[in-house]
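As written, the chain order gives the labels A, B, C and D, with residue 1 at the start of each chain.
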Amino acid sequence: MITVLYFARLREALGTGQEQLVLPAGVSTLRGLRAHLAQRGEAWAREMAEGRNLRAAVNQTVAAADTPLADGDEVAFFPPVTGG
Amino acid sequence: MITVLYFARLREALGTGQEQLVLPAGVSTLRGLRAHLAQRGEAWAREMAEGRNLRAAVNQTVAAADTPLADGDEVAFFPPVTGG
Amino acid sequence: MSVRVQQQDFDISAEITAMRSGNPKIGAIASFVGVVRDVNDGDSVSTMTLEHYPGMTEKSIAAIIDEARGRWEVLDALVIHRVGTLKPTDQIVLVIVASTHRGDAFAACEFIMDYLKTQAPFWKKEITPQGGRWVDARVTDDKAAERWKT
Amino acid sequence: MSVRVQQQDFDISAEITAMRSGNPKIGAIASFVGVVRDVNDGDSVSTMTLEHYPGMTEKSIAAIIDEARGRWEVLDALVIHRVGTLKPTDQIVLVIVASTHRGDAFAACEFIMDYLKTQAPFWKKEITPQGGRWVDARVTDDKAAERWKT
């Protein structure tokens, strides 16, 4: 099982902020997980499309697309940050 | 009459903070006033000597040695500033 | 060194007083307060909502402070960032950096603030008369952060 | 824009609150607090006395603020400088600059502070166990002020 978090505009567009899921067969990286999520339907396809300017973190550290995933990881997807 | 002010170390060394005096004959600039004051005695000669790192203001504006003086002016002599 | 993400407002005097009383070597305290403006990109803003990533946000700010400590003499530093619903003239963010000399305090404070705007996980949604709108990342903010990379 | 030279302490929160409430365009407030340190040049300092030139000091600070307003976007600015007898951990000086954006606020605040240290008529006398000593002007301070001349 991994935990996946969604923040801000992404959370609203997908209608979910957090889920637990079993790493699907053949998914071993952040890029693979994103492609997997993009197959869930229209909003997911649009928001997770490769062209979208999304950032991701693995275990609360900003992570590149080829970062490997393992059981127990906390993965987060979010738009570019706009703090302060 | 002009007003002459002395600040900080200079005020302590000269033993005065403020005086009124009539512009002496032949004194028409800040440089001239400083040379005149230097003739007053030992402390004055030492503190007003040309080699001393003194600053001056005329009418509350920092002024160069050749600044002309006129009746009614407020002249100030002081060491380099050390604020904040 | 301290990081707080909270809904409540903050009192810069109380924070500076606490910092000063803790270290008599402190000679210079630079600080920054961010305030909600009533306009952004030409639209009037009535309220905004700030969201963060609990855990990662605090960790990333602590890492930013550590990086500042590696570059400048930092005797103490504090970051408070508010989340939740805020309105114009409300305080959003506080950064305080104490050092022996003012040059270090100013540089570290501005450095931390630039990274807070560009790297720390916060997302801002503005509520205008036309509805809610998630704020886009600003190119000028990215440029401000890039200055520090050389 | 406001300049005060006073013996009393100041409250940075009260000053920032007053500034914020006066102008909803303010988005960024940079500030600086100078604090009496317990050491200087290796000697321990028990108290210090600050002297100023009443009239000229206030005018020269107002001129510094005007110069900052010509260089950066400054929505409001405040300088409070204390005089009289101060002891370690006491606040000496407060500079607050409010702007729309943080870059202008930081730059103007540091600029005003550099000039306060090097140009404004204040003289500091430190009382150490060895007696009183007028502080000499610091070469590093002059260098900080010179950065702005280009």
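Brief remarks on what is shown
Quick note on the criterion: contacts are C-beta pairs under 8 Å (C-beta built on N, C-alpha and C of every residue); 3 or more make two chains touch, one makes a residue touch a chain.
The structure presented is a predicted model; accordingly, all values stated were derived computationally and were not measured.
Averaging C-alpha coordinates per chain and comparing to chain D, the farthest chain turns out to be A.
With centres defined as mean CA coordinates, chain C is found 49 Å away from chain B. With each centre defined as the average position of its C-alpha atoms, the distance from chain B to chain D rounds to 27 Å. Once the centre of each chain is set as its mean CA position, chain C and chain D turn out to be 23 Å apart. For chain A, the set of residues that touch two or more other chains is empty. Of all residues in chain D, those touching 2 or more other chains are 34, 113, 117, listed in ascending order. Interfaces, counted as pairs of touching chains, are A-C, B-D, C-D.
Of all the residues in chain B, the ones that touch chain D in their complex are 5, 7-9, 11, 57, 60-61, 76, 78-84.
Those residues of chain C that touch chain A in the complex are listed here as 34, 50-53, 55-56, 59-60, 81, 92-93, 113, 116-125, 134-138. Looking at the complex, you find that chain D touches chain C at residues 11-14, 16, 20-21, 24-39, 88-89, 91, 100, 102-103, 105-106, 109-110, 113, 117, 144.
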